[in-house]
Amino acid sequence: MPRRDFHAEFPAQAADRVIRAALDEDVGTGDVTTRVTVPAGIRVRARLVAREPLRLAGLPAFYRVFELLGAADAAWDVAFRDGDDVPAGATVLAVDADARVLLTGERTALNLLQRLSGVATQARRWAAHLDGTRARLVDTRKTTPGLRALEKYAVRVGGAANHRAGLFDGVLIKENHIRAAGGIGAAVAAARAGVPHTLRVEVEVTDLAELDQALDAGADAVLLDNMDPGTLARAVRRTGGRAVLEASGGVTEDRLRAIAETGVDLISAGALTHSARAVDLSLLFDPPGATRC
Amino acid sequence: MPRRDFHAEFPAQAADRVIRAALDEDVGTGDVTTRVTVPAGIRVRARLVAREPLRLAGLPAFYRVFELLGAADAAWDVAFRDGDDVPAGATVLAVDADARVLLTGERTALNLLQRLSGVATQARRWAAHLDGTRARLVDTRKTTPGLRALEKYAVRVGGAANHRAGLFDGVLIKENHIRAAGGIGAAVAAARAGVPHTLRVEVEVTDLAELDQALDAGADAVLLDNMDPGTLARAVRRTGGRAVLEASGGVTEDRLRAIAETGVDLISAGALTHSARAVDLSLLFDPPGATRC
Amino acid sequence: MPRRDFHAEFPAQAADRVIRAALDEDVGTGDVTTRVTVPAGIRVRARLVAREPLRLAGLPAFYRVFELLGAADAAWDVAFRDGDDVPAGATVLAVDADARVLLTGERTALNLLQRLSGVATQARRWAAHLDGTRARLVDTRKTTPGLRALEKYAVRVGGAANHRAGLFDGVLIKENHIRAAGGIGAAVAAARAGVPHTLRVEVEVTDLAELDQALDAGADAVLLDNMDPGTLARAVRRTGGRAVLEASGGVTEDRLRAIAETGVDLISAGALTHSARAVDLSLLFDPPGATRC
Amino acid sequence: MPRRDFHAEFPAQAADRVIRAALDEDVGTGDVTTRVTVPAGIRVRARLVAREPLRLAGLPAFYRVFELLGAADAAWDVAFRDGDDVPAGATVLAVDADARVLLTGERTALNLLQRLSGVATQARRWAAHLDGTRARLVDTRKTTPGLRALEKYAVRVGGAANHRAGLFDGVLIKENHIRAAGGIGAAVAAARAGVPHTLRVEVEVTDLAELDQALDAGADAVLLDNMDPGTLARAVRRTGGRAVLEASGGVTEDRLRAIAETGVDLISAGALTHSARAVDLSLLFDPPGATRC
Amino acid sequence: MPRRDFHAEFPAQAADRVIRAALDEDVGTGDVTTRVTVPAGIRVRARLVAREPLRLAGLPAFYRVFELLGAADAAWDVAFRDGDDVPAGATVLAVDADARVLLTGERTALNLLQRLSGVATQARRWAAHLDGTRARLVDTRKTTPGLRALEKYAVRVGGAANHRAGLFDGVLIKENHIRAAGGIGAAVAAARAGVPHTLRVEVEVTDLAELDQALDAGADAVLLDNMDPGTLARAVRRTGGRAVLEASGGVTEDRLRAIAETGVDLISAGALTHSARAVDLSLLFDPPGATRC
Amino acid sequence: MPRRDFHAEFPAQAADRVIRAALDEDVGTGDVTTRVTVPAGIRVRARLVAREPLRLAGLPAFYRVFELLGAADAAWDVAFRDGDDVPAGATVLAVDADARVLLTGERTALNLLQRLSGVATQARRWAAHLDGTRARLVDTRKTTPGLRALEKYAVRVGGAANHRAGLFDGVLIKENHIRAAGGIGAAVAAARAGVPHTLRVEVEVTDLAELDQALDAGADAVLLDNMDPGTLARAVRRTGGRAVLEASGGVTEDRLRAIAETGVDLISAGALTHSARAVDLSLLFDPPGATRC
């Protein structure tokens, strides 16, 4: 089976909006330093080097920064692609391009790549804890404002999966919806009647009594909020396959395995996006005569 | 002296762009759950509660999310404002508003406020290490793509200060500029001649020999890259006030005090923005009859 | 039970984009006729009259046109709202406003209201054929480019329901997806594994053998394409509640009842949006001294 | 004489705005079905087939949908172009392109092409009724919000002509303008004095007495509103070439010939745009080994 | 007769685009000087003073700058409005508003008002030369990129009139169109047949022989390019009222009277917009205790 | 040393915004004259000719107009580039392109090029007066709304230099800032403490007493407002190199030399942008068989 081609599912349009905003805020009326110190038309060669082991995510955005700055004729030597695990010290790519464009775009390109690779690297490590269980690790809506499509992509590159993209592609009935609708049964019935049949109906519950109500109401999925492994295991047995079960709330890396072993279908963790650390990548400019990757 | 009014310098226009993008990506074609389970016209009361001690930053963005969703008639009871230190458990504000609007905007509003307060809270803690020294703690361009103005605002709210906003409002000559220009002297001269006189000319150096060249060239400021405290102290003595000195590179919280005590003017740290952790804030909906803050 | 408040779920943001585009294309550099013949500051009164029986949809857009043109101080007397059935000859509303604004916005406001009310009026008539059956009438993606959110809203106002809003909030596996994935089973499995668990997986089939494959693969829903009532009835029996069944293809008004009586859950019809006729509504300007609605 | 090249006058900029909006609303955060079932890099061949006789209009928009989705390397075999009459069953074009792009863009591309060809097909049929008369058939401002430039283009492709594009490129004085200006004479004089000399001044009248006033006032054109053929013929004789005469109001296909034979210069009909029916066109995907058009 | 209310025809939407662009380019990431030197919440009073006699144009844009910066509660004392002639030294208005907003917006507001009043002031002076003749003075398309609607408005405020707004609301057949169409007759016929009947057809000619051709072809208007008064007078006699005559090319202030006396209907001059000089207006901030206008 | 390559520092992104706005306002719904008189697919050749001696600025914008209109295959013969001095009568370039595109874009392209070359031509003449002095001639913020980046570029092309780009990249403390801050000393201290260290602090003074205060406060630069040469010379002596000195206010061409000889570092003049006259350039279409440049 061919390796999954992440570049083909990169959210290019969302990325373009982010990159244009990032260039606007960084370059603004112009990179004054580069304009006055670097003559037009000089080409340089630079290498992108991983300073720590990482799962690469965001390379299409990295290229795009320089393309938007006018580096149509840049020559790229690429050794790794999104989804690859890059060892510390490895050269991800080398590029030969106009010096002004490289210097002006460097920070914006790195800011994006380091953040997205950071999300993918953490997701890969977390997802590994679930190996051999039936559980799937998924993200949440706790993403960086403006970067949701990119961060959710990076989560997939890291080997985890996505929860709904937003409030529009999934029904998740929480406590306040239940209270406004007049109970779990009424809320599930209203959802069934009012949303497209292409959407499942999921209900958030905090104890097993509520779980029973949700199952009785015919919920397709149930979010088990902040339950300990023992309760989760009981919920799994009680449900007996009648609904998809999602464990959520207070999920930390060291609790992942225990949760997964309860038999739940999904574990969702806001930390996958809101607490990922940027990984360390540098763009090194070659002195004249240096060798290539 | 009156307390500094951070709300008056909140970057409202930049925030609006971010909030609109965040609402677009979260709400999209509509919050289907809320539409079908919560009747139109119901009002609820909710309280915003700090789950940990924090420096508050981003309240104007928090309000704005709900205003853009149509909550023109929301009633706000506000106990803290940007720049205030909020103890764990305290209620930041209470709001009485349309239930649909509160439920639809909750996640977007919290995502922003938690992130910005996280930056401010970390900045406050870091800045405290410099008390009594002449050093000023400043941020860098290592900000989240699209959020620069907001993160730089949060840095100020936290008590640290800003480096240049982008490539357009400061000259910082780095190694590759120097190489392209033909040396430190040539680069500084080109900058002097070619940029508005309203900008200072700063040069990045990696050792004391380069510092001497920068000073001889008449640089207004010098970035001392990755130097240990001993070298930094020698640089300070050697410079004798002829230029502003900025220590940068590998700055961590535990090294801050030692660097500050070398006598440098500025310490810049990418971690102020790229490694801040979101703080924990929740929006709690009151059951009927609950009391207010 | 209170009457459903459609105005509260009107897609105001999508409408604003459409209205601004419509005003741009109609008003452009200015309504030259009105500018030179109608003095500034004259107020007139006009009544919106239904020329045929209709289900009203789009009133918020009608108001908004004049609001965007500056009629902040218009006085509205409203007799009907979205979702109401208006008899021929009835006055929907009366308005007292600046003459220039009313004359300039009249065509744009009517174009929108007539089209949306046309969709709602047809949907109401079609939906009535399903009374007493279990079938729900739903729209498709065959909407007017740029008007999808508005037309899908009008479908709901008419008493029918919505299929997915786009390619993002529902999985519908068609023949070419099946061929590319290597069969129905493989396609369903890929969808299960790769899309958020909040989405159901629906498969389009053309005969009962394919229906069996889809059910065996565990599809949540099956689109029965272009089948006659006899075959649909057999499909319903064969499925026995294991999946949601949607009849689609070649659905015309005179076939609706027969299809609904086969026991399918959903009937989808592109005609709900692509073939609705605009209904006849006029804005009549009162001569001085005329009485009001 | 060479055949008129409609593609050269296609309103590409207006079309781009519509297509981007249509793709935004249909694709949104992504075509989830195609992403998970169709591997990257597969090419397929599809043929666009007319299901009924039609006048083709909108082919540039059809191409553009796929181009915007990234099908830069699609190979097109084109048999017909805008302005051609396509018989039922004929293959309009064949395309060889990336499978994902074709599947994702299919609906948006067809929605546009079916609608515009529908307008052109109806316009062609209506215009034929005027053959041999001096009358020219023209559209109105009763167009689909957001699609005016495209629909007016389709009207031309169908062999009819355009009335003014909006309120900015033509003066049309109606009853309310006349009342505000203080009479037909005053209104015409105000228009003459206040609008660019590049615009003609047209007045709407409802009987022959008003026609006389308009002619006396020096109107360049007169819109004869809702008159029967006998009255129209009298208006033509009375005018004696002093003004362009436009018959309007209640124009239906079966009345066209009688109106045209009265000698009026123009017949305008809102139905050309607001009541055109989408024509039936399908995109058929070839199984492997199929032959080409 | 009431004074013409120019504010009612001010192109507010076009102005908003210009003002937002102007604020973006001037304020950018913030007015750093004002932020650090002027405390939040201080109110100041300022007077707008004419430094030379001028015809005022652009006051709505002046207000709007401060409104967009947040001066919702500014108090305005207005002595003059658009269309008024302001003597040197007169106070146009006084304003009491937030100090930060006034200081940040001052330059942008003045740049607009000085330019538009400059256009109006020059137009008024030029138009006066035509008093008592039948000629009307009109502008051209030689406007500042992005400011056309505003400059054409200022021309009207100055007492001159507008030629077509752009290429879309008037037909003007020039030498190259004639050559491509195959002669004046063919070009006029093509225009008649192909453009909306609401547009007149104008032809540019360079001598009397071409004028004859244009008249024979039935042109509605003729632009007489670069002719001396003698030739213009002959053209007027030759035309005998059969077409509107526009003198154009090389029109300077000192030639205006002589051209007007030839009997032409229109004189067009690019200088009305491309050569107007900004007039001198200052915003003076009152020291505490100063008196008002 | 290679000639400075101005095209490499042309503000292409800002230009694109201006050009799109200019085309929108000029072309709007279409160039009706060209559409009906010029057949599709005809190519013509045109030459751009200088009607007076000028310093060329804005050629990239000139090309871009036609590129945006679709002239991808235009063939350009270029004899001069930005920064070149073009003698009267010289052909700047020749172009062979689609006739429709050239005719439709001609006015917009010329409007931009004539204006920018006008700024550059005037700047060159003014700057020449400073030859041999230490003074540098700089522009101000008195630019055309929306065109700042382009006009500041043209100033550089003309051989003068730029003051700050806006309120964000330079501190300039004026009278009202001083009053609000409580004096020159307090204002300078606030600026030092509150703005990035990459910005210099400049203070505007009106007499030598204020100059002394500014120097004592440690201002990096001082704007000497409206002083006569004698006072300026005294200011230069008094300052003794402690700050950059900028002469401003009432600067006219005939006063330039005298001011420069006082020894100030900078002379700023709003006239560089707000009073430049458009230079005369024409696009001449070749008759068939004409020779090339």
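As written, the chains take the letters A, B, C, D, E and F, and residue 1 is the first residue of each chain.
Heads up, the rule we're going with is that a contact is a pair of C-beta atoms (placed from the backbone, for glycine too) under 8 Å apart; a residue touches a chain by one contact, two chains touch by 3 or more.
Small disclaimer: the values here were computed from a predicted structure and weren't measured.
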item: Chain C and chain A - chains in contact with each; value: B, D, E, F
item: More contacts between chains, B-F or E-F; value: E-F
item: Furthest chain, CA centroid comparison against chain C; value: F
item: Copies chain A and chain F touch via same or different residues, half shared test; value: different
item: Geometric centre distance via CA averages, chain F-chain D, whole Å; value: 45
item: Gap in Å, rounded to a whole number, between the CA centres of chain E and chain D; value: 35
item: In chain E, residues with contacts to at least two other chains; value: 25, 28-30, 35, 39, 149, 165-166, 168-172, 194, 196, 199
item: Overall pattern in which the protein chains touch one another (line/ring/star/complete/other); value: complete
item: Interface residues, chain F side, partner chain A - complex; value: 2, 5, 8-9, 11-12, 149, 165-166, 168-169
item: Contact footprint of chain D on chain E as seen in their complex; value: 136, 138, 161-165, 168-172, 194, 196-200, 202, 220-221, 244, 246, 265-266
item: Residues of chain D that touch chain C when the two form their complex; value: 14, 17-19, 21-22, 25-39, 42, 44, 99, 103-104, 107-108, 111-112, 114-115, 141-149, 165-181, 187, 190-191, 193-196, 199, 274-275, 277-278, 285, 287
item: Chain E residues touching chain A - in the complex, by the definition given at the top; value: 25, 28-29
item: Contact footprint of chain D on chain F as seen in their complex; value: 28-30, 35, 39-41, 70, 100
